[in-house]
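Below you will find the structure I want to go over with you.
Chain nomenclature is as follows: A, B, C, D, E and F, assigned in order of appearance, with residue numbering initiated at 1 for each chain independently.
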Amino acid sequence: MKLSARNILPGRVIAVTKGETTAHVRIEIAPGLVVTASITNEAVDDLALAVGDRASAVIKASDVMIGK
Amino acid sequence: MKLSARNILPGRVIAVTKGETTAHVRIEIAPGLVVTASITNEAVDDLALAVGDRASAVIKASDVMIGK
Amino acid sequence: MKLSARNILPGRVIAVTKGETTAHVRIEIAPGLVVTASITNEAVDDLALAVGDRASAVIKASDVMIGK
Amino acid sequence: MKLSARNILPGRVIAVTKGETTAHVRIEIAPGLVVTASITNEAVDDLALAVGDRASAVIKASDVMIGK
Amino acid sequence: MKLSARNILPGRVIAVTKGETTAHVRIEIAPGLVVTASITNEAVDDLALAVGDRASAVIKASDVMIGK
Amino acid sequence: MKLSARNILPGRVIAVTKGETTAHVRIEIAPGLVVTASITNEAVDDLALAVGDRASAVIKASDVMIGK
């Protein structure tokens, strides 16, 4: 499936932290450049996300702000 | 002002495209790694965003999905 | 690529309306049940979205509200 | 109150799972078609959401992506 | 319909600007305190939004960041 | 850093509630007018958010709906 999301940043999972319903996953997309995602625990299980996995951060363009 | 947003990715503006109300801004955050933001024209004017500017893509963790 | 997004609703494209930078795409996910997406024109071109295409509405759980 | 949100999908609550601050609510909007919402526990209490309730999934068009 | 959204800020419409597909609506929620919404033109028409109308800005808690 | 976000509403923190991964922060932006934000615990720690702090609610225009 190809996505309309303009931002698909491939990298490697460096941390997975599960709470009671919500998990935080950190993906290194370039050396020292890390993106944090807040997703459901269910999604973590469904994708069997683990440290070391190749994975992408997927972000809709309308969810990106600019700071200058 | 320090932000709660977990993802603040510094880079350089490589494109600014304005529509009637909504603009698309592209920021290169690492060599060849580009993030597209869809923001208001008003914000583009307010920040005086132009190609070549140093700027950051700012993304809330809850707006990041994972693809694997 | 498998996605963390909890909501992937398959259907058929019934309308594509492009503005200057932003397009609206309507997908029928069940008889009479239509979901509207606001995406970039670029994404419409990239996916070559056209009326009649099979496509899915993809929605992160944290973007869904409840009304009762 | 009438909403600007383009997507108001009526259905029935089939699951409510509360974490410490965030809850997941599942609504069946057509036979076998389920939408998952991640909302605050406070909202669950405020709406007294329970399995079997009639409720709608409310989604802003700019939060819908397309996959094809 | 009661909403799960934690933030429903009542006020008065002070500006409506339509683009080709996307409109910007400004609501004054307290004297001098204005919230800008980017919504579809279709929603503007559907709600018949006009300057002077009483209307509310509706925002999901997960879409609010904090700056300090 | 100046932000593209159209809505930066200054106020005072009146509550901080941490869950296992996700926290809720309430900011009073005008007398009796409160905005609730759902952010990561990590952000709460990073900003050292506490009741009584001056802080702003930051909201992208595309995340604001209108109710009328």
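By our rule, contacts are C-beta pairs under 8 Å (C-beta built on N, C-alpha and C of every residue); 3 or more make two chains touch, one makes a residue touch a chain.
Quick caveat, the model's predicted, so the values are computed rather than measured.
Peer 1: Which contact partners do chain A and chain D have in common?
Peer 2: Chains in contact with chain A as well as chain D: C, F.
Peer 1: Among the remaining chains, which ones contact both chain B and chain F?
Peer 2: A, E
Peer 1: Once you count every C-beta pair in contact for both, which comes out on top, A-B or D-F?
Peer 2: Counting C-beta pairs in contact for A-B and D-F gives the edge to A-B.
Peer 1: I need the pair from B-F, D-E or A-D whose contacts repeat those of A-F. Over half of the residue-number contact pairs should coincide.
Peer 2: The A-F interface is reproduced by A-D.
Peer 1: Please identify the chain with the largest separation between its CA centroid and the CA centroid of chain B.
Peer 2: Greatest centre separation from chain B goes to chain D.
Peer 1: Express in whole angstrom the distance between the two chain centres, defined as the mean CA positions of chain A and chain C.
Peer 2: Computed from C-alpha means, the inter-chain centre distance equals 21 Å.
Peer 1: Hey, how far is the Cα centre of chain C from the one of chain E, in Å?
Peer 2: Result: the chain centres lie 23 Å from each other.
Peer 1: Averaged over CA atoms, how far is the centre of chain A from the centre of chain E? Could you give it in whole Å?
Peer 2: Between these chains, centre-to-centre, one finds 30 Å.
Peer 1: Could you check chain D for residues that touch two or more other chains and list them?
Peer 2: Within chain D, residues 1-6, 19-20, 22, 24, 36-40, 42-43, 47, 49, 56, 58, 60-63, 65-68 contact more than one other chain.
Peer 1: Viewed as a graph of touching chains, is the assembly arranged as a line, ring, star, complete set, or other?
Peer 2: Other.
Peer 1: Output every touching chain pair, sorted by label.
Peer 2: Once each pair is checked, the touching ones are A-B, A-C, A-D, A-F, B-C, B-E, B-F, C-D, C-E, D-E, D-F, E-F.
Peer 1: Residue numbers of chain D touching chain E in their complex, please.
Peer 2: Residue positions touching the partner: 1-6, 37-40, 42-44, 46-47, 49, 56, 58, 60-62.
Peer 1: What residues on chain C touch chain B, complex-wise?
Peer 2: Contact set of chain C toward chain B: 1-5, 19-22, 40, 42, 60, 62.
Peer 1: Using the touch rule from the top, collect the residues of chain D that touch chain A in their complex.
Peer 2: Residues 17-20, 22-24, 36, 38, 62-63, 65-68 of chain D touch chain A in their complex.
Peer 1: Quick one: which bits of chain A touch chain B in the complex? Just the residue numbers, please.
Peer 2: 3, 5-9, 24-25, 27, 29-30, 33, 35-39, 43, 47, 49, 53-68
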